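Chain lettering (A, B, C and D) follows the sequence in which the chains are written, and residue indices restart at 1 in each chain.
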């Protein structure tokens, strides 16, 4: 039952093999509370991955054009975003690679000063699954130190860069005592992560490419990626996700990037989503940290 | 008439060669009945390929993110779909890989209990054309056993995974005595499959990528695939296909996936298609099995 | 001025080199007549490339799914197209590979009987630029023989498969005494082809991917191609091209494929384009052959 | 801290390494003037990259189809553009590779005669980052000589081909004494370029793929690029960028290509953008050269 290279093919695996793969990291019980804070009907968690120059640095940092595209996030995008969040008094979570935070410490301080959350998002936007346990652990610990030093508080949650959740990520999250992860996609609503079938006490606030600005707008000359989707269509998708989250009494997590959504032709999407949410009674706008803590408490999560 | 590697190029083939390739598996006589059951004008066959985690397992199952995306189908998508079908009292067909059924046996039982069809869809979403006759036959027989055991009845039809119809698939279908296949695209309406020019007694209920949710919405970070098409545009395409099927008195087959269409921003497409169909007099909603059996009977198919 | 492999790079070429490349095959004088036939203001040349199964055969013909997709063109697409052209009494040109004509001789006869043009479109949809002079010449001569035998008249024009115009194509066109080519893109309106800077007496009826259905609707699972563009958007593009052709008094060439545009959700685009054109006074619907002959005559082309 | 090939990976770099990469070429102080010329509120800089045949020549010039697509820019596109700019009395900047200028000297003279700017855009659309310092310098100097000879004045600004800004580009710009570059993306508004952290006196008029016609409309059969975006959506994006530039009192740079935007179904986008801008009080339409000079003067740039 093996082929030339000695590895059984997936259709040759025994049941134990594929069950182990599925069970390694998996969604467990729902952590959707009966109602949201203060009786709210729906929780809205806006998030911004402040990658800036690290999006290019992780590939070697040779393209001055791509580095300038990244700098745009810090120079133009963040300002528009913070102004908008302030105007509507909406808290949000900013996931920032350590190198990005070191390049833009004043930005980090402004984000915190405005009442938002700063959370872990790798060292230099590296892909976890290429690293091995030791380097991934080391980079995450150092990144937490950097964010704590600049932001003045230690991060309590993580979003893996490119949502690249390695076989070691969950162990490292537990070791670091983090409250939540926001990188996986098994549900719309919060759930507890299982490791090899066992509860971990870690809250997952699930993401989805559907609710990510970059996939519609990315441009990579060498990879055939183009921003083909009309901004109106992106808004329509984000709005529909929100409307059904509201109907279901669920969680709405939106992932955006200052160098993507911060552009003049796109920032209106965030504003219209906020206005749309504000027009519905019973929306709780909160950071990922506050939502995860609330879910953990309401659902009696053992940590 | 040969090039360096000893293989004649297509423009060097003699007529016998290209005719044999075309005739190997081909559309034969139409099996479109004069009218549909109870005098209906148009038959609507909704189908869902419940791949769940197998979409990633077939590639090795290394990405926890993709496995979670697949689990979404079972955890969130199926529930929304079954609720919708129940609300409108519409039967549908669910094509499910055996491994997916073993991971989610309760789902299979719920689908059957609600009056829907469970049909063959590979072992672990493997590509047939990479297998050879023996493994493809073995995997299909074992998959039929698994579905029969969990669902309580043996499947009568098949949809190949990724519509990858191998040179051996038709022989295996005949050997298994299946009533129908739903993987090929030579017509909109049902037809009899020919093998090497001879009738087989197998009903084809043709599919098309046009009427498949995944091609518009798929996201593969490494393959430059993005969900660029607006949901409104996908609905428009699906609706237009239905309108002309109705005009022509034909068959309307829609292929969807719980982990794709089951999302909050997309499930409305199924609902609106159902409502649109319900608003036209003379629609017969039926499973693939019922439609294939009706066509076979009305057109006097010899099996 | 050479690099490692002995070939000068484009930025190292002398002027003679790049001028020779540009001049090899090039647009010469305009063949846009002062007015169109019977004083018409705009000429509309609808064309259909009836590739059918050859789209897959040219790559080896191994995929039964893709062969069935091609057969759809002959089995379902052509019927809808001929019915539509008949209803509006619009002539069109059908470019058909010889192998496709041999697979569907009745289709060719029906097309001719309805007053449409059959023209050259390769042997089996091979790429000319991979062939060399002798095989390209041989395949074109044999294809002309096949079309003449089935259609009852010898083709007077050619469209290269995939618009792959090789360094030998123009010489072969002249040798065969063809009236026109329809594969190049240097203008919207007809022009005379130059070879190495000299007039050839060959009419070019230019195409463009913009006015080709396949690029918006193609689906190739392995090539990251998806039918991302909404049919409404494709119609909008085709209509805008027509409107300005009308304003300018020019030529409007549309390239379509029975297995692409012949689908239930797309055939309306052709109908609406025809209706839109019919609503404007002074449209001359004609075959490519008739338009090329008219341009050659009005502009005193020496052949 | 090194891997097999002896090169430290980005996540292994020390701080000095990644800071040096980021600082090599970077956005410095803003050069946005307090108000635009004559008290205008917003500056609109339309630009056209007149690549024509060089888009294919740079890859070797083997495809006659692609060369004809390029020729379209010179033969059909430029005429529509100049007519439009003339009708609305709007100046613009034309960035033209030297080889393109030599192929179309009359076009260059017409552009200059109509009051527009001709600026540097490589020799033959070569990628700078593949060249090395000497060849890049040589090609730029020769290109400036060619443009000066044909246009009658020496260019004062540059846009790198494909916005491929090499590690040597900034040094060459300074050596040539150019006033501005328009290839980088760190802001929407003008800024001074820094080299290794030090001011250079060079004005950057930033571009973005978002405001480039080609990315939405490009077609490359081999690269999975297709013109998937609807023209209406492209207009919507361009208009939104303009509206917010106006709100912010900023700069609006649009990059277009005669062989892309010059088509019948797309040229209306330029017209509608101009009309939209003209309908807002206080728009200064100007060439890149005039805008760069104004910014340099108003902000006291030391050159």
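Rule of thumb we're sticking to: contacts are C-beta pairs under 8 Å (C-beta built on N, C-alpha and C of every residue); 3 or more make two chains touch, one makes a residue touch a chain.
Everything numeric here is computed off the predicted structure, so don't read it as measured data.
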{"item": "Smallest number of contact steps required from chain A to reach chain D", "value": "1"}
{"item": "Copy-to-copy rotation for chain B and chain C - C-alpha atoms, rounded to a multiple of 5°", "value": "90"}
{"item": "Same-site or different-site touching of chain A by its copy chain B, using the half cut", "value": "different"}
{"item": "Interchain centroid distance [CA atoms averaged], chain C/chain D, Å", "value": "34"}
{"item": "Separation of mean Cα positions, chain D and chain B [Å, integer]", "value": "49"}
{"item": "Chain A residues counted as touching two or more neighbouring chains", "value": "224, 228-230, 233"}
{"item": "Interchain pairs in contact, sorted by label", "value": "A-B, A-D, B-C, C-D"}
{"item": "Residues of chain A defined as touching chain B within the complex", "value": "9-11, 13, 15, 18-19, 21-22, 24-27, 129, 162-167, 169, 183-188, 206, 208-210, 215-216, 218, 223-225, 228-230, 233, 236-238, 240-241, 243-245, 248"}
{"item": "Chain C-facing residues of chain D, complex", "value": "53, 57-65, 67-69, 71-72, 75-76, 99, 102-103, 123-124, 126, 131, 135, 139, 219, 221, 224, 226-233, 263-268"}
